[in-house]
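Okay, so chain A shows up in both of these, paired with chain B first and chain C after.
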Partner chain A sequence: MTDVATLLPDPPEEVAPPRRQHGAAAWAVWLARRLGLAVLTLWLVSVLVFLATAALGDPVRAILGRDYNSNPGRVAQLEELLNADQSIVSRYFDWLGGLLTGDLGVSLANQRPVSELISANVVNTLVLVLLSAVLMIPLAFAIAMISAHYRRKRPDTVIQTILLAMAGLPEFVIGVLLIALLATTVFKVFPAVTISSPTGHPWDNPDAMVLPTLTLVLAVAPYVSRIVRASLLEVIDSDYVELARLKGIPEKVVMRKHALLNAIVPGIQVIALQLAWLAGGVVVVETLFSYPGVGLQLVDSVRNHDVPMVQALSMIIAGVYVVVNVVADVLSILLTPRARTAISS
Partner chain B sequence: MNQNSRRNRDFSRRQFLKYSGLGVAAVAGSSFLAACGGDDGGGGGGQQSSGGILIHGATGGGSKDTLDPHAPVTNPDIARVSNLFEPLFFWNNDYELEPALAESVESSKDGKTWTVKMRQGVTFHNGKTVTAEDAWFSIQRVADPKAPLSAGGQLSQILDSGSTKVVDETTLQLALKVPYALLDSLLAEYTLGIIPTDFDVANPVGTGAFAFKSFDPGKTSTFTKYADYWGDPAFVDELQIQDFSDDSAKVNALQAGQIQTVDNLPYNLIDTIKGAGGGVLVAETGAWVPFTMRVDSAPFSDVRVRQAMRLIVDRQQMIDQTLSGYGSLGNDLYAPFDPAYASDLPQREQDIDQAKSLLKEAGQEGLQVELFTGDDIGSVAPAAANLFVEQAKLAGVDVKVTKKTPFYDDNYLSYPFAQDFWNTRNYIPQAVVGTFPPDQGGTYNETHWDNQEHLDLVNQAAQTLDEAKRTELLHAAQEIEYNEGGYIIWGFRQQVDGYGTNVQGLEPSKYLPLGSYKFHKVSV
Partner chain C sequence: MSTDTGPGSAPPPPAIAPAEPSTLRKAMRQKRFTVGLAITLLLVAFVIVAPYLAPFGENEVAGPPFSKDGFLGTDYLGQDVLSRVMYGGKSILVIAVFGTLLGMALGIAIGVVAAYGGGWWDEIIMRANDVVLSFPQILLALVVLTAIEQPTAWILILLVGVSHAPRVARLARGVALGIVSRDFVIAAEALGEKRTRVILAEVLPNMNAPLLAEGGLRLTYSIGLIGALGFLGFSADPGAANWGQMIQENRLALSTQPWAVLAPVLVIAIFCIGTNLMADGIAQVAQRGDN
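The block that comes next holds the complex of A and B.
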């Protein structure tokens, strides 16, 4: 997480400005190239995921444990499910074909379709991540603006110290502290875990969403906030803000219109990376709160050596990474006048 | 005579039921008394109130979860199966047989024909009456000779399906290929619940005190109270079994009052639960994590070396350190709850001098051995292995621990010196799987034990209907293992479960966690 700032792509320079094309057509070409790259990335991921799961060792043996030698019937049944007799190349293309047509295969652990097993968990994780994002983004920007406003004065120092301390805490520690504080030991105001309702969703009982969401917000907000503050300060020191001030525009308007809008782009990139990280990385939080999401399911599937499940979940997590980054790139371009005109001119 | 005593027992039970009017009232009454009197039961005394939802936090579970009545895999599966379905007999809390869906079972003189009388007036959750036909269907499903399920291993070998007859609605006559004295114990496993002949796993219908409502593998499952239950109906209206992949999440939920019971409380969290006003239920079990020495491989092929290794172990220290004290002493014999358990053999204790002199006699002073262990045996195993290294040093034995990942690979069953895990079983079934040659049922004979005298004694006992005679034979068999066997059985684990403040009616059971998961006895 600490090196994300240096990893930030700089989308305006990444794009070679297409020439002699106008407006929509130029945009379409740019977008098609960007999407083509995304698809290529996903394809590479699919090869890696498949090779990695194939290298995990004999899944049949792992599933049956000490019953392997005494239950040849079950061994044969599982090997058939896995098409263990075919070559790895033809298994890969079978799997890829299924993936493209929406057939994710059948879970080895319980012989039910993978898509049926993971759909609810995917939705649950997306809701948790989006809910956290919706709360985290305004909070992080507000803190950054307050902090930048009081640059190097006491409020700024206090805020930065707190943020730094919180950014240093693993989300696991934050979660444990919140549970002890609000669920079990000090106050008993919120549920400590999510008790799944069999037909509904975790958010049917909104109380149960509070602690996991809060944990994620507290884990991510400090980081985003610090990046946004840094870019705000950079913008505030720039010539055009200086000029706006000299023109006599009120400080509030300067901050909102001139400074904030220009500081948003780096913010978007950080948020995108954080969201993508959340989609695959909430496993700790899901485990702690027994929240039925993809992270928990991925851990369970790896433990079961349930190859089709691991493959499907890995692809979904990779897909979220790629999609979020494409969206962030598009937004960055749209919000950067120089890059915007570079494409359509 | 065993046959007579069995008949007497059933007769007296039936009489008791008759005298107390309705069978249901009798069961309800006795469980009420037990609930009031049990100090070690949940929440202490006081009358149990009806209503409410009981949410059980089950350890583990995941996408492997299944509702199959005869092939439960995970802890939550076992809890589900125990509440939905019922076998013909129950193991009660003292690990003794009790009639359940069967009223009685009687054997012919030669032990080859067993007549099961079904309890009358028992209905499935769909209202259909339970018949002998259903019982036979269920037994066949479990004891399929081609692919026997967990309760059917032994059954599939001895059942003579062709000669078995459903005599009438309530009578099933089971025919065996060979005499088998303990058939009723094979019919009492929780993995042999009786299901209707038109059973559908998507809508599992059983006879238990709770009826199926919903199931989401790896997450949760719900059940409603079955009002027409033949025994005492449940106190709670609804039962929910929630999976927990993480121990601290489970305990946090119990502390926050979100769930009422948890199975397999980690030892380090016992005080946390007590501090928060919850209760801890401790029950004896017959579960063991032995060291296994291959009797056909040097240096363990010398019985003196095996005995020396057994004398090296400080059993109490093993229990104190690897089980946090929650265990009972082992005497290198398994099946401690078997009526024929040889409890008169002297308790083996650490005796380093004796061990040293045995090793010297065997010419194995300064012995070096490799001990194989692995996390997939259970967390107790690596801890016990490391402790054994320390204890062995006292006798000058150098033990090198090799941790395998996974332990249960192709080399399992061929390690000269290793560990394994076993759950509660009686002597004969355990001896068959653990000490018989592989072609005679010994699927997990880790010690490569191959002792004709022992095998004959066990086989003879399995065919002996006279209980006193059988006990004698089994005693002789245990004596052989005590003196020459390849197992070091240092102790039996105690089951530790937790429950919330208002929970009442839980009693410790030697069979399964949380009073054998009989949640209909629990009120919240």
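The block that comes next holds the complex of A and C.
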């Protein structure tokens, strides 16, 4: 039996086979429906972000703290900036309109346009997340394959126990332990803090990328690896793999062609979930290593109660999540013959 | 129920349905569950008892900052690290437990109502759920904390609970869907039982194994989430000892006084490993029960 089947994500939404449509038309309908749902989700996310930042508390009071009562001039100025005199509904639509036309507003902390402040950091974070994903995916699959190869034997048990223990650890725990191990206390190999000039990029000094990337990889790989192993075992136990073996196909080919390919689809769903999860993980990891990305910027903005910055940054992170999910759904449909025919026949 | 070989050691009392051992009893036979439970209970006991045994007060200055005085040295204000660790678990434990309970209660309610209600009701609930799901948990907490001057313990509990709820709901809905169409539910409905009673008396009791496993997992994530928020500088009482916040306060001195950071990190790590092992043990039982 599989260990982590309860952790497996839902299969891509079952789509009722559209009648009287063939091939490309059916695909277009399916894709349009999926994209429509994504847009709807993004819109609802924008409502949620706006309500949480602008309506739940009083940002002006939060920014000024104790000065709130003693400094009515600053209160008026901030309320002006936030258009606090208008109704919440019209403020929302102003903000949404700006968002759609690329105008993200002005930062409360230093009065510069938000888009100018975050563009470099978005690139930095994308590089960090993609680098981690590129390293994490083959690693997780390799560990899963080794573990599945030795199923129920000693190496499998050892690997699974280690993975299980690691899967529960928060990112900052892994990060701090790595710093202590590789940067400060035990060995002094890599820098613990990312220092980059305001014009340069963090990867100008590749050493500084090592620990943040490694932290993200180690935080995500155990979970992915456990799920890939579970789906690999499920495939290995299936009838068609049994049949392929009985036909006398060499074991290596069976593993590669029959087993691995079929285990990739659940893997894609998991990777999509994890990529999205990385978007949350960067918040902590970037803060830990002072890596100049959107996560660090978000934490700083939340501390400063810089509402326009937080709104823009959280919309970006949620947007990445929604896009990644759409891509993962399309990919898993394309790679699952059964689902492919269900749509186009 | 049990097609696998293992759990036949208890004499199988036949015929009557409720003779099946409870989820917990079955979980106790899992090594990883018992190890996880032991670790978790030890840590909970430590968190509750330790403040009475701490050599120094929570905010008492024990020596110069970042010195080697005492068992684990002192922190950035010269407070005794060991004492801070002994005091610092209370807030994490309380917020994690209540946040998890709240998230489970909300999530189960949403999921079961969606599964039992069905139709457009289900569609709306799960769509709204997708929206909250497109936020990494920590992001949801941060967005709300933007407009709040100083979080209280209640706000943190609420944030942890609400960010868990959609994830729990997804699972609860999946489990409940498999139950609401079973004969005993239909029979109860045919007898004219009220809907709330059908849910409480027929549906929920049959979901306890997967829900317990999910609860254990959520507790693990709660600890991580609250630790991370403390690390980012968001805690209910900035003066009080708090494992997450200790990391933040002392991390600049990691090379000179590592224990001020490593001690709270290791406690959180052990705590998470314990609850995660426990959750995984229950999850295995839950799966066997399903098949």
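Quick note on the criterion: the second predicted complex is superposed on the first by the 322 of 345 C-alpha atoms of A that agree within 3 Å, B and C clash if a C-alpha of one lies under 4 Å from a C-alpha of the other, contacts with A are read in each partner's own complex, and residues count from 1 in each chain.
The rule is simple: a residue touches a chain if its C-beta (ideal position, glycine included) is under 8 Å from a C-beta of that chain, and two chains touch if they have at least 3 such contacts.
Given the structure is predicted, the values throughout are model-derived calculations rather than measurements.
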Do chain B and chain C fit side by side on chain A in the superposed arrangement, or is it a clash? clash
Quick check for you: in the superposed arrangement, does A:V307 touch first (chain B), second (chain C), both or neither? second
Of the partners chain B and chain C, which touch A:G267 in the superposed model: first, second, both, neither? neither
Which holds for A:A62: it touches chain B only (first), chain C only (second), both, or neither? both
Considering only touches as defined above, state whether A:P222 meets chain B (first), chain C (second), both or neither. neither
Does the superposition put A:L298 against chain B (first), chain C (second), both, or neither? second
Touching partner for A:A54 - first (chain B), second (chain C), both, neither: second
Let me test your reading of the model: by the given contact rule, A:I179 touches which partner, first (chain B), second (chain C), both or neither? both
For A:L117 in the superposed arrangement: first (chain B), second (chain C), both or neither? first
Counting touched residues of chain A, say whether chain B or chain C comes out ahead. C
What is the contact status of A:T287 with respect to chain B (first) and chain C (second): first, second, both, or neither? both
Would you please give the residues of chain A that touch chain B in one complex and also touch chain C in the other complex? 61-62, 65, 176, 179, 184-185, 192, 287-288, 299, 301, 303, 306
Could you please specify the touching residues of chain A with respect to chain C in the complex? 1-7, 10, 37, 40-41, 44-45, 48-49, 52-54, 56-59, 61-62, 65, 161, 164-165, 167-173, 176-177, 179-180, 184-185, 192, 276-277, 279-281, 283-284, 287-288, 298-299, 301-303, 305-307, 310, 314, 317-318, 321-322, 325
Any idea which chain B residues touch chain A in the complex? 55, 62-66, 146-147, 213-222, 240, 242, 244-246, 248-250, 252-253, 255-259, 276, 376, 406, 408-409, 412-413, 420, 443-444
Residue positions on chain C within touch of chain A in the complex are 4, 32, 127-128, 130-132, 134-140, 142-149, 170-171, 174, 210, 213-214, 220, 223-225, 227-228, 231-234, 244, 247, 251, 254-255, 258, 261-262, 265, 268-269, 272-273, 275-277, 280, 283-284, 286-288, 291
Which residues, counting only chain A, touch chain B once they are in their complex? 61-62, 65-66, 68-70, 73-74, 107, 109-110, 112, 117, 120, 176, 179, 183-185, 188, 191-193, 195-199, 287-290, 292, 296-297, 299-301, 303-304, 306, 309
